[in-house]
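First subunit A sits with subunit B, and in the next complex the same chain sits with subunit C.
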Partner chain A sequence: MTALQEVATRKPPASASVRREALYFALRNPKLLIGAAIVLLFLLAGLVGPLLVSATPNEYVGKPMDPPSSEYWFGTTTFGQDVFAQFVHGLRTTFLVGVLGGGIAAIVGMMVGFVAGYRGGLVDEVLNMITNIILVLPALAVLLIINAYLGIRSVGAQALFIGLTSWPWAARAIRAQTFSLRGRDFVDLARLSGANTWKIITREIGPNMSSYLLLTFILLFGNSILIASSLDFIGLGPTEGVSLGLMLQNASQWSAMQLGLWWWFIPPGAAITAIVGALYVANVGLDEVFNPKLRQT
Partner chain B sequence: MLRLDNVTKVYKVGAFGGKTLTAVDRVSFDVRPGEVVSLIGESGSGKSTLGRMILGLVPASGGSITFEGTPVKPGKAYYRNVQGVFQDPFSTFNPVFKADRVFAMIREAYFPGVADADWTARLRTALQDVRLDPDQVLGKFPHQLSGGQLQRLLIARALLLDIRLLVADEITSMLDASTRIDVLNVLADLKERGLGVLYITHDLSLGHYLAERTVVLRHGEVVETGVTEAVFTRPLHPYTRQLLAAVPRMHAPWEDAEPVETCLYHKHGATGRLYAAAEDHLVACARLGDCPKES
Partner chain C sequence: MRRYFGRKLLVYALTFAVAVTVNWMIPRFMPGDPVASMLARANVSQPQAVEAMRTYYTNLFGLDEPLWRQYLNFWGALFRGDFGTSIWVFPTPVSTVIMGAVPYTLGLMIPSVLLSYFVGNRIGAYAARRKLLDNTVLPVGYVLTATPYMWLAVLLAWGLGVVAGVFPVAGGYSFSIRPSLSADFLLDLLHHWVLPFFSLFLVALGGWAIGMRNMIIYELESDYSNYLSALGAPQRLIRRYAFRNAMLPQITGLALQLGVLVAGALVTEIVFAYPGLGSLILKAIQNQDFFLLQGIFLFIVLGVLIANFVIDIVYVLVDPRTRTGMAGASA
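Now for the complex of A and B:
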């Protein structure tokens, strides 16, 4: 079989729908597969892990400062807490904050960005003004005030706050992208086909930047995790439970690095890096899946 | 069928919209059924803006555009009768979807009740009408098709709607000479079927080849309009003469246009926008815009 014939036979059948075809290419993209596999691995650990270990990860269970062993896979903290138990519980919280915070920010950012970019004019001016106001709002100071008055300390509230303060740059990026796409002839053609604004945004402009939107979500997701970690670090995190950020904070507070307790801070740090990094690699792969011009075949 | 009456488009420009730019200035003409009208002008003369106003994609600032006596109102009902094909076929197709999605959009919006087999038959007929092999073009992405194929797909798309007027905006300018003739012949076929075609172009010879009537546009204003033969053989306005003289000809040396000594418009003391030099042959003042008599 010649190379050309091989390419021809690897093409999906002409009758396959767009979605089936995307799946076809998705399953053959190593970047996407590797990235997704790493994220799913951590997600699985976060979902299943807590069921296998103690439900109370902050309990003092073992000898203090014990290095990794068969009993405590990731060793113990200065106080004898099981680092592995904290790690899997922390993964769960971290994913929750990332998905909720990133999701809220992505939805608000897309709505504002698409509407401002597509409608233009006065709508754009007003939405742009709101975006810029939120953008310059010192999020940390606002949170301090909210916290002092309301004392909200749950994971959900943290995610909501992160979501509602981190959407502006996404809105600006999506607005700019929409602005450049709305002048293209295919938008006019959709209007000539009787499509309304909502349909044009969701069916013409949106799909054109689907990988871009996914990248936005991924960056907001990683951003949420990082903001949550910093909030945890200054003592504004959830009071109950454990997160990867809180683990890092505790490790730093109790001089884990100076004492050589590498098993305390490396797992949460490596997990945050690996999750965000893997999502980025998956995004590059998805770009190739969605954009027919980038496909290798 | 389509009537433009003193259509004007003014854009606000400058930092705070303080200045204005008149892109189209009081343009009037008709397009009748079974007639190709070519709208000729250089870049920036406002011809594409006119096309977009007729399609309802941009609102007119003044004057009226009526189709069968009713003012143009963009929407499903209007687009069932009037469709457009644009200059750049590669930009008219959404690159992330297959090219035949443009047909699916028409089906979804206008023929949701039509059965699959019936629709496929209609689609194949429309594609054969524009001289395309359905098996060759269906199920492909835009970048896998040629510009000529894509333009003909768009004309086929318009034909699915039984349109009465097609606005063809520079549809051949991105095509090579042989595919250009294919597309032009498709347009000639449409004319035979009784469709009105507004053929927007900067290419005089293509306009001459196809059109019954010609409208010459300069800086947003009509300078000369009339039956194509009359405008091309007896051009009265110096701008039209310059345009015609600028077309390179085989077997003939290059000549400058003859200067115009007398302005017909002033000689006859005409009033209004255009002077009727003959029946269906109107011409603007020859002083190229700075005519003191202009209203």
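Now for the complex of A and C:
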């Protein structure tokens, strides 16, 4: 018991130094810094931008098909809507879908992965089977049917369904990690001291793979942005408000390509590519920060 | 090996059952009266079509029959190849409409997926641990995987189609030509095929290159590689062994990516108005043709399951361990 108490009291300084070490390498990792900077830049544009433009995104403000000018930074659509206003509002939606969809997928994936990996046996068999089934089902096709019938009209509902269909690979990865931690001494010790499953998972196993969970969440975040933009493009996006995917859909539907309105379809796609690409690169950078083997010195 | 295939087939059968059940359940348990709302939303002008739809819907939903009975009937119709009747092109059965579109989708997907897979893996394997090449392949790869399929398609259609005018931007073939087996038509078909194919090829390429590069680096650090180089084996030989080992996770990766690849093909088709399943989905959504949409859904699921099974067979051929039942891929 005294030994346990000793470990417990000694823990905070140890984890603080680990954190300081991670911060040290994080600030010296160009991949992480560049990736995070790009994501933050777009996040800032999405947060501040709507405050700067007076027009609501779908309002008809100016001359139709105006090229970018000092008044309308990204020009106007065939209907005279301000593309910049749509863009900054769309960024908000995109981040919201990413955080919500990625967050829901991460939570479901963690639950399934932890329980399957820690409990093993029949529970593992059943959960694994469910995971495999949802893994082979093409997510977009399922979302297509659900969205078409239920008529998804809000960003939240869209994110919810994306989250509920994109968790399987995360669950599999987390299950494998949990499996490798399950037999470690500190887990056995917690079990001997009478901790229940929930406590062991949240206090012992979870924190020990927290870096891995963060990486998983970042990938799910980028993934749900891409899925949402595809759904929007097919015409199953939220009908209230704007998103980057909806901008692409409108541009394509009203033949922006044929009319040469490049300022209409280049910004939204470029923003999605930049955000998701930056997330991936930051992810690789974070991996190097957390995993000493990958660090280049 | 029997256990391996048995497990896989069980998962696929269950997946198909889940897909069919979802397909059956959604119209029945969604809030409101589906028949009335669908008739209202379908907005069909022909009275005879409306009447046929109403009887069809009522028959299909079988309001007088118990639920389990409806469920069994649904399966029965499925096995007879009866997916219902399309509303958009009214009297045509859904299966006929889908069959007309499938060749275009497959003709686009199979070459682009296979080619990007092979080329991407080669590039990735070549770039690993070669500083100069790696520094270009890696960033380009990340940008490509992060690109939404439809955006690259739009860019290519605009750049090479509208501005440069080299390729047509819309359709599977020119409107002036009727589909036939003449050289003119085939050439025209190929001309329309190039851009959507290239767009799909490019987006998928990045992911495979990055995946292969990471796997090769991992393999080159493993014990057998170190042992080989300690023995003085040439670098080429070590890389060849590393490639063969790195290929296994990449095959599993192909199976995992199938859903994303299908989704990419669908939106690319929409951009180019290519007459495949993607454009069909767009038409079905715009015309509220739910039977068509459900038919396409089941078709995509079936296609992905078959492709998964083919990949499983390839895996067994490539990895001898699964054949002897020692270890290897887990279900």
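The criterion applied here is as follows: the second predicted complex is superposed on the first by the 218 of 297 C-alpha atoms of A that agree within 3 Å, B and C clash if a C-alpha of one lies under 4 Å from a C-alpha of the other, contacts with A are read in each partner's own complex, and residues count from 1 in each chain.
The definition used in the following text is that a contact is a pair of C-beta atoms (placed from the backbone, for glycine too) under 8 Å apart; a residue touches a chain by one contact, two chains touch by 3 or more.
Predicted, not measured: the structure shown is a model, and the values here were computed from it.
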Per-residue touch tally on subunit A - higher for subunit B or for subunit C: C
First, second, both or neither for A:L144, with subunit B first and subunit C second: second
Which superposed partner A:L41 touches (first subunit B, second subunit C, both, neither): neither
Touched partner set for A:P207, first subunit B, second subunit C, both or neither: first
Subunit B versus subunit C as contact partner of A:L236, first or second or both or neither: second
Which of subunit B and subunit C A:L189 touches, first, second, both or neither: first
Partner chain in contact with A:M257 - subunit B first, subunit C second, else both or neither: second
Which superposed partner A:N132 touches (first subunit B, second subunit C, both, neither): second
Which superposed partner A:F290 touches (first subunit B, second subunit C, both, neither): first
Where subunit A meets both subunit C and subunit B, residue numbers: none
Residues on subunit C engaged by subunit A in the complex (per definition of touch): 11-12, 14-15, 18-19, 22-23, 26-27, 30, 139, 142-143, 145-152, 154-155, 157-158, 161-163, 169, 255-256, 258-259, 262-264, 266-267, 270-271, 281-282, 285-286, 290, 293-294, 296-297, 300-301, 304-305, 308, 331
Residue numbers on subunit B that touch subunit A, as the complex places them: 52, 55, 57, 74-76, 79, 83-84, 86-88, 91-98, 102, 105-106, 109-110, 138-139, 141, 143, 154
In the complex with subunit B, residue positions of subunit A that touch it: 14-15, 18, 184-186, 188-195, 204, 207-208, 210, 290-293
Residues of subunit A touching subunit C in the complex: 128-129, 132-133, 135-142, 144-146, 148-150, 169, 222, 226-227, 229-230, 233-236, 245, 248, 251-252, 257-258, 260, 262, 265-266, 268-270, 272-281
